[in-house]
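Chain naming follows the written order as A, B, C, D and E, and within any one chain the residues start at number 1.
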Amino acid sequence: MYALLALGFVIIYKSMRVISFAQPAFMLAGAVIVTYLSDDVGFWAAAALAVAAVAVLGLGVERVAIRPMVGRPVFVVAIITLGLDILIRVVVGGFIGLDVRQVGDPWKLGTVGLFGVDVQQRYLAMLGAAVLCVLVLFLFFRYTRYGLAMRAASFDQESALAQGVDVGRVFAISWAMGTALAAIAGILVGAGTSVDQNIWIIALKALPAIILGGLDSLGGAVVGGLAIGVAEALVGTYQADHAPWLGENFASVTPYALMLAVLLVRPYGLFGTREVERV
Amino acid sequence: MTVLSVRDVHLAFAGVKAIDGVSFDVGVGELFAIIGPNGAGKTSIFNVLSGIYRPQSGTVTFLGEDLIGLKPHRIAARGMARTFQNVELFAGLTVLDNLMLGRHQHTRYGPLAAMAWLGRARRAELAARAAVEEIIDFLELEQWRKQVVGLLPYGVQKRVELGRALAMEPKLLLLDEPVAGMNLEETEDTARYILDIRQELGLPMILVEHDMGLVMDLADRILAVDFGVPLATGAPEEIRRDPEVIRAYLGEAS
Amino acid sequence: MLAVRNLEVVYHDVVLVLRGISLQVPRHRIVALLGANGAGKTTLLRAVSGLLDVHDGKITKGRVELGDRRIDGLPPARIVRNGVRQVMEGRRIFAELSVEENLRLGGHTAAKAIGANLTRVYDLFPVLRDRRSGTAGYLSGGEQQMLAVGRALMSDPELLLLDEPSLGLAPRLVQQIKEIIVEINDQGTTVLLVEQNAAMALDIADHGYVLENGRIVMDRPAAELLADDDIREFYLGLGAEGAARSFRDVKHYKRRKRWLS
Amino acid sequence: GRDDGGDGGTGAPGVTKEACPNAVNKDNGCIYLGTISDLTVGPFKALAVPITKAQEMFWKRVNTQGGIGGYDIDVTKYVRDNKYSPETHTQVYQEIKGKVLAIAQTLGSPTTAAVIDDMRTNKVVATPASWTSLWNFEDVILESGAPYCIESMNAVDYAIETVKPKSVMAVHNPGDYGGDAAAGAKYAAETNKLTFSDVETPPGQENQGRAIEAIVKNKPDLVILTAGPTDTAVIVGEAAARGYKGRFIGTGPTWNPGLIASPAAPALKGLYWQSAPWMPFQTDTPGHKAMRDALGTGIGAPNDGYTAGWVWSYPLKAALTKAAADKDLTRDGLLKAVKSLTTVDYEGMLTGGNYAGDATTGAVRTTVIGAPDDTAPTKIKIIKEAFTGPTAKGYALSKPCFQA
Amino acid sequence: MSRPLLHTSYAQDMALLDTRTKRVAILALLAVAAFTPLQVADDLLQLLTIGMVAAVGAIGLNIVTGYAGQISLGHAFFIAIGAYTGAAVSGAEGGRVIGLGLDFLPFWMLLSGLAAAVAGVIVAPLATRLRGLYLAIVTLGLVFLGEHVLKEWADLSGGPGVGRPAAVPSLFGIRLDVPGVYTREQKMFWLALVVLVIFAVLARNLVRSRIGRAFTAVRDRDIAASVIGVDVARTKLLAFAISSFYAGVAGSLLYTVTGFMDPGSFTLGMSIQYIAMILIGGAGTISGSILGALALTLLPRLTRELPAVLPFVSARSDEFPNVYQLDSALYGALIIAFLIFEPRGMYGLWVRQRNYWKGYPFSY
């Protein structure tokens, strides 16, 4: 779950060196669109449409609010994404209305037996989706020129332009992919439970995941996401008995504690690219 | 009397031997040059001297003190100043501020004094300013004094960088390709400044440069390196005729 | 092949840098562009390759033509696809990427020919082959320059804009780069060469322009420029007698000669 | 600074001789009441919006019936969004306080706590939109219904009657809301000699793992739940999926009608009951009926946010009426009126409204219990009408429950 | 056209207010500010007070982020430390929450700053290891950890959703938070004004000193900085310490203005708001921090007024779109718009105007 969210952040970071704080809003948007469509066209079609719609939204947003900022300090762009987040969330929140909404997923809370343990189908679906996304992304970066172009554009836009890289298109693609991933994550978050205004907060948990894995590493995002999920679960289960002095609900801040610990040892996360500096 | 003595320094990066057994001495008031092909390890030698790289073995003795393992700012405090191959100025600051930064070690007062800006801090700043103005005078930087360096012509930037090094009141000056990218006129200007620094300040210098005209005309002694290995040390005339140096570095053109 | 007509360029809406420049680069030739620092050479190249935008610069007058197509105003990626490549001043390689990744990126617009072009570049610059998987940022200055030129060749350009390729190179390498430029030119690439090293540039160029303060002040065949007294004195550092001056004899007063203005 | 309160000659802020904008009775003066609620991006928007709407309709009805003492009441001019942030709340409160006589709604406890000092000093009477027992100790706050802790005591008592639990677990959000309820559950469990355990859980679906784990592992017979609706769905749904078969009783804000369609619906229908301070939307009392009439058909799905907003408005109406009768429509007068109220006519929706005595005598102690049901308008059907359990009956409020 | 600046001594050239115009303008501005409380309504006054206190915090963030280039999302953490230190030291003894009853304002204010500065010193070594956004996110982690501690440590914070009273301001036995001859808001305004002026001047002096220059040097090129003798690690440490000190002072006062605080306030959102302040005001300028802080505190007030004049939106909270949504959305939109059109911040806007008029009537 965190892995999927993390991937979205990483894709955008990879091409722009910017952490998009608007990801939570796109995630919420994806989930809400599905809640509107799934009654009419079924869950799968609704999900596909929602992902596409959010990708288009991402494209549009990139065009209007991000493109003019190309070449500006990344933190200015980051704050712009923050403004976007507020803006989009207000609009999407307006569409949620008063009742919690349902994505109408086919899994509900059904379980299947797997190696003798009951596992909820929706977790399998999440796992499947994550694996699929990683695979697709891997192939994309392996077999198209855009992976390299994205990294290049993030390091030095002018130089990338001089190589004939259409930096604008690279940014657009990365936003479309990043926001689409956010939408997928949003839909899966809604699956098995319900959608309300507050689910966006979950997206922030992806931040320690990407830092842990290394901001620009797809593999790192997946590993980081899993590590954080597992750590949180473990701490949630055992901390109360073994280290009660950490206070109740320490589990929810575990990701940050873990991230701090890892970064002290590896300043660029587990798989991040080291910044080259020489004189 | 030697100012600096480098003995058998080795430095490698993940398999690349950047410096492989280099030794040399720089005497009082001497202008010592290091030449060698690209990637020979010249800049790396500078980086070792100024404490940015830590060599795997070897010793560097500067004014009787061992430098290995010291942090760059400590080495700077002992009187080593340098310029960089690619201008490393603080692009957003003015010429004045860049030069004032050169006096960082010589203006001593704490944060509280700075905030109050009374007494010591004020006096120290005024003194620093006076010292910096002298350098501005010396390098003829008057007209750019309050301009942001990032937008200045390249040649001027290089001069400001030289000024910043001089502001440190160094006891040894390292110049990494001071005329690279300059046109002839600016090169001549720089040559003149280097000569002036020698004459007026008697400062020993190490010069790394690919402009052979400049090196041969100015240097007292030259060390040629290739792949981190010293090829030859000697007076310009000897080096110019050394077959190894010609093969590895000069090429048949000169 | 390339024609620049009466070009005016302004930065940030206020700084007028090029004041009506016209220049021609005929096909398969090497044209040298000389000029003091800050004369506007790089700006001219940017105007051709479309990179002015990045620097908040604008063409306010005049036009740039490639063959019979007008290319000013096109986005840089399109211009590259039209066969124009700029090797930027200061190398501007991607420090965090490996050498080979840098080269592959250079072939972004010629994806099909990447394999062949890689071989060609590695043959021209064997050092790069040895360091192919190394991080580009750790290369020495000269190695980086080779990488920058090699990267530009990856897209089979028709017109190569070289901005001070000899900057910071050892004499032997300057010689080598010079030969490589000639070789690239022989293989059919037109070259516009911006250089401080006038001797090197005029040695291989067919034609030369001198830029001062945003204006073309000289426009002659290279051989004629080499013979011009002013050029000899101010760009080649040769005394009146034809022998090189020593830097030890540099005079202590400001010498400055301007042709115009 | 200048106080911008236009006093319209009556000497009190928020009371004018001029008619209200869009007044029902053009000849009446106007009393302005402020509303500070969570209207856009905050976590309680789904409750806050219907509350605000219902209050607007409530006061419109009052105006239609002639207003109060020659004045119409306006609650639409000074509505502000607090985004559930104490800072914003303070700011908007400062912005409107000089222009209103009293506050018709101040939503949230930390938000209200941020301005309570000022309300006390300036005698600004306010209707809360939360049920923390803290309000029972504030003179200027006109709380209605049983506070969370009493509601939980009643929930435990009801469970004792029906499912006879031996162990009780309070699964609750931190703070006044969850803390208050948990304190009530704990008191009830101890009074009735049941084993009690306490699990604090932060808001957020992804953070419920530990709570679910605790429920599944310890298998308490009864879980008193205080969380948000989606969190409720996650906790109940997952616990059921992992084999838990005990009983959940959630306090008012744990429920949202939308949950009836959620994947957790089967689990909710099987294991979950809902406690509430008063009867739901569709109940047949004069008050409920008046509310439904006033809201009309344009409101979309019924929601007990409306009910809450409506019920909460009665005490302020009573106080205003009293102050008007005393010819003292000032902040002083209003507070005096409040302190003299011993009962409020809720038109059958609730009994209580004693603001004259101390917390123990004033506290309302009745609770209703409902169960999820597809056919009911707010998807909750009442299974136990207003009652006061023995625990709650004997409980003396000496300080806010969550501080005990 | 302005006269060329002629200075006859370095001291004159280096003075803080180096032209007569600047001196007069600043004096006028201060005079206006000092009389503001007599003219402006209390609610606005309170907002301005909060803005001024926030400006102290923003200056602090600007020191570490704008000047020293260490992007910190942990500012809320340091503000929280200041806020709770101040509240604990000055709060009434023996209450529900910790209080020591030492309510002499300068005492607890400085103590809050020091407490935060100590935290800053502990955090600073991270900055020598981490770069850019890595540092940003890690400092963000601090905010979450701090929030966790506050929520758990109810004796200090009162617990989430409950909160505690903020620091008690008292000067020589006079309580500033209870109305007397002047209202609470007026007194707090003057207090904030004095504090802001002092801290702004101190900061201004700092950034033009050798230490300020070292900050910028470390920000722009840390290797070059170290080679010219700047101790990079120490400089970063100092930047964090001073910045946190400012944050602590701001924190201790911030909630005193309103009197109450809740642990839920010191979140990521707060950190980001401060980042937005310095970006909108202008990174790397002291006056920019002040402008940005005031702008961002007043912005919600503005956006609340704006939608009311637009005819097509509903004033009812249950309809869509309504004014409340528009007001939140506008807040986001204005931030975006401002940064797109004036990326150098309000300070940049001002510089541009000034340069334009200086060069008038020549446009090139």
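The rule is short, and it goes like this: a contact is a pair of C-beta atoms (placed from the backbone, for glycine too) under 8 Å apart; a residue touches a chain by one contact, two chains touch by 3 or more.
Note that the structure is a prediction, hence the values are computed from the model and not measured.
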item	value
Where chain C and chain E overlap in contact partners, by chain label	A, B
Farthest chain relative to chain E (centres taken as mean CA coordinates)	C
From chain A, the most remote chain by mean C-alpha position	B
Centre-to-centre distance between chain E and chain D (centres being mean Cα positions), rounded to whole Å	37
Chain centre separation (chain A, chain E; CA means) in Å	31
Gap in Å, rounded to a whole number, between the CA centres of chain B and chain A	48
Rounded Å distance between chain A and chain C, as computed from the means of their C-alpha atoms	43
Where chain C touches two or more other chains at once, by residue number	138
Multi-partner residues of chain A (at least 2 other chains)	86, 90, 93, 98, 248-249, 252, 275, 277, 279
Numbers and ranges of chain B residues touching at least 2 other chains	43, 52, 84-86, 88
Complex interface listing, chain B residues touching chain C	13, 16, 35-40, 43, 85-86, 153-155, 177, 180-189, 191-192, 195, 210, 212-214, 217-218, 248-254
Contacting residues of chain E [partner chain B, same complex]	10-11, 13-14, 16, 202-203, 205-206, 209-214, 216-217, 220-221, 223-232, 238, 242, 284
Residues of chain C touching chain B in the complex	36-38, 90, 127, 134, 138-143, 145, 164, 167-176, 196, 198, 234-237, 244, 246-248, 250, 252, 255-256
Touch list for chain C against partner chain A, complex	49-51, 54, 75-77, 80-81, 85-86, 88, 92-97, 101, 104-106, 108-109, 111, 135-138, 151, 155
Residues of chain A that touch chain C when the two form their complex	71, 145, 148-149, 151-152, 155-169, 273-278
